[in-house]
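Each of the next two complexes has subunit A plus one more chain, namely subunit B in the first and subunit C in the second.
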Partner chain A sequence: MSDTVFVQLLDLACGALLLTAVLILWRRELTVIIRVFAIQGLALAVLVAVLAAHERSAELGAVAAGIAVLRAGALPYLLRRALAGHGEVRRETRPLVNVASSLLAAAILTMLAYAVSQPLIALAPSPATQAIPVGLTVALIGFFVLVTRRRALSQLVGFLLMDNGITTVGFLTTAGTGLAVELGVSLDVLLVVLVLQILTTRMRETFGDADLDELRELRDS
Partner chain B sequence: MSAVGIVGGIVQPIVVLGGSPLLVGVMRQIRARLEGRAGAGILQPWRDLRKLLRKEPITPRGTSEVFRVAPLVLVATTLVVAVVTPFLTTSSALGPVADLFAVVALLALGTVALALAGLDTGTAFGGMGSSREMTIIALVEPTLLVAIFALSVRVGSTNLASIITSTVDDPARVISPVSLLAAVALVVVIVAETGRLPVDNPSTHLELTMVHEAMILEYAGPDLALVELASAMRLSVFLGLLANLFLPWGIATSAAPLAIGVGLLAWIVKVTLLGSLLAAGEVFLAKLRLFRVPELLAGSFLLALLAVAASFFLA
Partner chain C sequence: MTTLLLLAPIAAPLLGALLYLGARWRPATRWASATGAALMLGAASTLAVDVATAGPRTALGGLLRADALTAFMLVVIGAVGLLATAATPAYLRAEIDAGRANPRTATRHSVLVQLFLAAMALAVLAANLGVLWVAVEATTIVTAFLVGQRRTRHAVEAAWKYVVICSTGIALALLGTFLLNYAAQHAPGTPGLDLAALTQHAAGLDPGVTRIAIALLIIGFGTKAGLAPLHAWLPDAHSQAPAPVSALMSGVLLAVAFYAVLRVKVIADVVLGTGFARALLLVMALVSVLLAASLLLAQRDYKRMLAYSSIEHLALVAFGAAVGGPLAYAAILLHILGHGLVKGVLFLAAGRILQTEATSRIDAVRGLAARQPLIAGCLGLGVLALIGLPPFSAFASELGIARTGFAGGLGWATAAVLAVVVVIAAALLGHTSRMLLGTAREGPGAAPAPRPIPATLGLTLVTGLIASAALGLTAGPLATLLHLAADTLTGMS
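What follows is the complex of A and B.
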């Protein structure tokens, strides 16, 4: 693979990551959000695959395949099951910050990510490290979704978005954490989602809703 | 000022002036056919304009010069943009005016003039339309600037001619995250600015939804014809800008007659194609609630900002 093609593919994958993060913030329907999240997982897998092809590393290729299976297949599947489990409300109706304001907040977060990651890029300027702000932006937007949404499921998506961002930054900085480390992290994320899925199902069975602001008091039953 | 620029400066306004009502006609015809109606034919907007121009000019009692001058300002600013922006050729008749900021300011000036005229009538509808238009334009103008600015960062100049020339020299640039994000933002903004679905419905007079129509409700006769002509011209100018910023294929780089001919054909085909896509898309869309419009525009602003940010990130 020539250098220009590498840079272009890398940039396109990063662009897709950014775009999907923004779409998750923008849309209200949970089904659409989950579908966009799956596309983002795919973009992340493509990013790692491009890095793998550039480095000619089979290990990194395996990691890319693993990411594709986990983030574009398994996690969206689990989320969809959590959503379909009950006839729950399918929209994020009342986010703490309204959508227009949160989009503008995302613009500020992007600037912040760019400013913060300048010293990191200066350490070793290359096409891969220059994309670090993208990963950081995705992580920050994920955190923003996590703190401003009310439904347990959208908060879960926010958490996964943050994790996607962190993984992106990880791959862009070191061109691949070890296979073992990546496997461990992926397993952790999968476990978290499984546990949270069970938790949300339980919450809904007990309280009839998964709006976390309503859960203020402890009950016995 | 070069020979090719002068040719562009003469041909472009003529084509925009004569062709934009036809573009509107084509778009209406496509909508009509897709909705199962026969349609009035693509010449209908010109027939309407001719009818309106023959009528006696009247203005409502109590309106001032602002009301009378607004249609002229609207047409004049759009014509200047049509002269200077590189649609047909890569160089511009008046280089310094073909600047991103100048062009956007000229287009905004026309909108503001019309909004002032809406306020000047003193009627409930005019004021309501103007206030809605201002709500929309407050987010549209920065987005327009920022989206095109994203493209000018890598060129190092805000001159539209330089931006388009550099894209012609290096077509691979079109497939980059910067261009894609900016293109999406620009499409949303153009839809909002020209008052098409889902932001505004140009073919209704329903008081709950209208934006552009409410402002021009008091116009009649030749003034109305000018306003209608100007809004058709704005539509074709915006579509031409979109087409040439992202797909500048076929644009004339020299003053040879063949190059000019190819440039003219490519320009007309591109704009007609974009207009047809817009019209076909509108058939499947419902109008957005007015309160959701800022959300849409904030989203497109964020996309434009991300495009600028990405042009620094991924440089």
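What follows is the complex of A and C.
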């Protein structure tokens, strides 16, 4: 693969990552959010595949395939299954921050990510490290979604968005984190989602709904 | 032989988990978990002697590594683990009798607790920061179901908060790990994520990247250690989890997470000078201790009271780490062990009070000293130990932290922390004396008739208190280990 094609494909994948993150922040319908999340997982897999082709690493290629299965297949499937039990309520009805302000926040977070990543790019300038701010932005937007949404499922998507961003940074900074750690991380995300899915089910059994507004009993006042 | 010694603390609880999976929880297997913890403590003691005489050991191709600090943490995990698992049969028996549990949930409880112990042992034995991260996150996953075990509205809510906040915090630590790895790749010697190699080659790491990485790692693992700003999961999870699990979470899980902070700080001190990690830890410690004090003053729930006290004690440990230096490190390690033992005793006693009085409200428990003298005595002595009265070990360790704080140029911060600690001590004494003294409520809705305390629980509580007092009088053979571990943290060995 020539260098120009590599850079173009890399930028394309990163653009898709950023766009899907903003779309998740923008849309309210949970079904749409899950679909966009699946597309983002695919974009992440493509990014890793491009890096694999560039470095001619079969191991990284296998990791890309694994990411596609986990983040574009298994996780969206689990989210959809959690949603199936939701019944009527399929919208994030009362986020703490409205859509316009959320998008503005996304812009500020992007600038923050670019400012913070300057030393990271300066350490080893290359097309891959130039894209680090995109990964950081996705992680920051994920954190923002996590703290401003109230539905259990939206919070879960926020956590996963953050994880996608962190994984992106991981692959862009270096491909050699070690297969064992990568495997541990992926397994961990899957387990966290499974745990939270079981908890949402239990929450629905005990409360009748998975609205986190109901989760306000444990506090000190 | 070395391999076996390093593997034993992980393998013993794993075998215990397998045993419970196969044979289930029944009278014959009741003591298996305590046996596993005892084996762990035995292996930890042997390992301590070994590393004290022959230096650090590695096994499994460098995946596991034990130095004095590792051995000390394993002793803490083993000791508090033994305390909690020895009290578990009596706890589960009472839960089953009350209809809140059945043999199936008891089996699941036992399996998860064993996995929890194994994950904590792996975390302190891991030679690689990545493996350490995976082990700390694994503790979140296995304990999530323990926190939500009672399946009530409150328990499920606490479990949800616990998983979401801790996973988020630990995700920040993951980002920090990636960035540290990135810095390591471009440093001479390419140390990767191996902690010993990172410390050795730290001088070559890029300061700009390392600064971001260290901040993320300290905040991330600090979350799991119950430090502000992401401490909100702690009071909920500790108050809702079953008593033996609260004892383990408060006594060792927080300490294991803080162990990760300590390991990272060694690297930070070389790359960025001691100022950076000190400033970060100082802010987190001061905010945490103030927060704990303000929420303790008007606390109405005794399990939450103990949980906030854990935030305070971890804040003291973080403060000691910010001070730095061999004496401060020895003091915080002693504090970790002393806090683990006493908090274990207190959570187990609180669990028994919850079972007999059926309420976790402070004002609903009156005149405990008259009705259940042994439990009341253990609770009272435990609180005295917690606020740092001699002869208990918290006195020695808090004195050590304060002295090194004044000597280390942090006089104003030390004075402020000490003032808050006094306020907290007053609050704890006030709340506890209301529970222990006075006369019981009369008439309808009065507390149920007292039941005799199970002998094993009484023995466990008294043993824990005696151990804490003995530790306060003399660290004995642990003294050598403490000083070696402190030297590891200052980068001297």
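Definition applied: the second predicted complex is superposed on the first by the 214 of 221 C-alpha atoms of A that agree within 3 Å, B and C clash if a C-alpha of one lies under 4 Å from a C-alpha of the other, contacts with A are read in each partner's own complex, and residues count from 1 in each chain.
The working rule: a contact is a pair of C-beta atoms (placed from the backbone, for glycine too) under 8 Å apart; a residue touches a chain by one contact, two chains touch by 3 or more.
Everything quoted here is computed from the prediction, not taken from an experiment.
After alignment on the shared subunit A, the placement of subunit B and subunit C results in a side-by-side fit free of clashes. Of the two partner chains placed by superposition, only subunit C is touched by A:V185; subunit B is not.
By the touch criterion defined above, A:A58 lies against neither subunit B nor subunit C after alignment on the C-alpha atoms of chain A. Of the two partner chains placed by superposition, only subunit C is touched by A:T174; subunit B is not. When the two complexes are overlaid on their common chain A, residue A:L123 makes contact with subunit C while staying clear of subunit B.
In the superposed pair of complexes, A:W26 makes contact with subunit B only, with no contact to subunit C. By the document's definition of touching, of the two partners only subunit B reaches A:L12; subunit C does not. More residues of subunit A lie in contact with C than with the other chain of the pair subunit B and subunit C. After superposing the two complexes on chain A, the closest approach between C-alpha atoms of subunit B and subunit C comes to 17 Å.
Shared contact residues on subunit A (touching subunit B in one structure, subunit C in the other): none found. By the touch criterion given at the top, residues 172, 175-178, 180-181, 294-295, 298-299, 301-303, 305-306, 309-310, 312-315 of subunit B touch subunit A in their complex.
Residues 116, 118-120, 122-124, 139, 143, 146, 152, 155, 159, 162-163, 166, 169-170, 173-174, 176-178, 180-181, 184-185, 188, 191-192, 195-196, 198-199, 202-203, 206-207, 212, 215, 217-218, 220 of subunit A touch subunit C in their complex. Those residues of subunit C whose C-beta lies close enough to touch subunit A in the complex are 128, 130-131, 133-134, 137-138, 140-141, 144-145, 148, 151-154, 156-161, 163-164, 167-168, 171, 174-175, 178-179, 181-183, 185-186, 192-193, 206, 208-209, 211-212, 235-236, 239-240, 295, 298-299, 304.
Within the complex formed with subunit B, the subunit A residues making contact are 4, 8, 11-12, 14-16, 18-19, 22, 26, 98-101, 103-104, 106-107, 110-111, 114, 127, 130-131, 133-134, 137.
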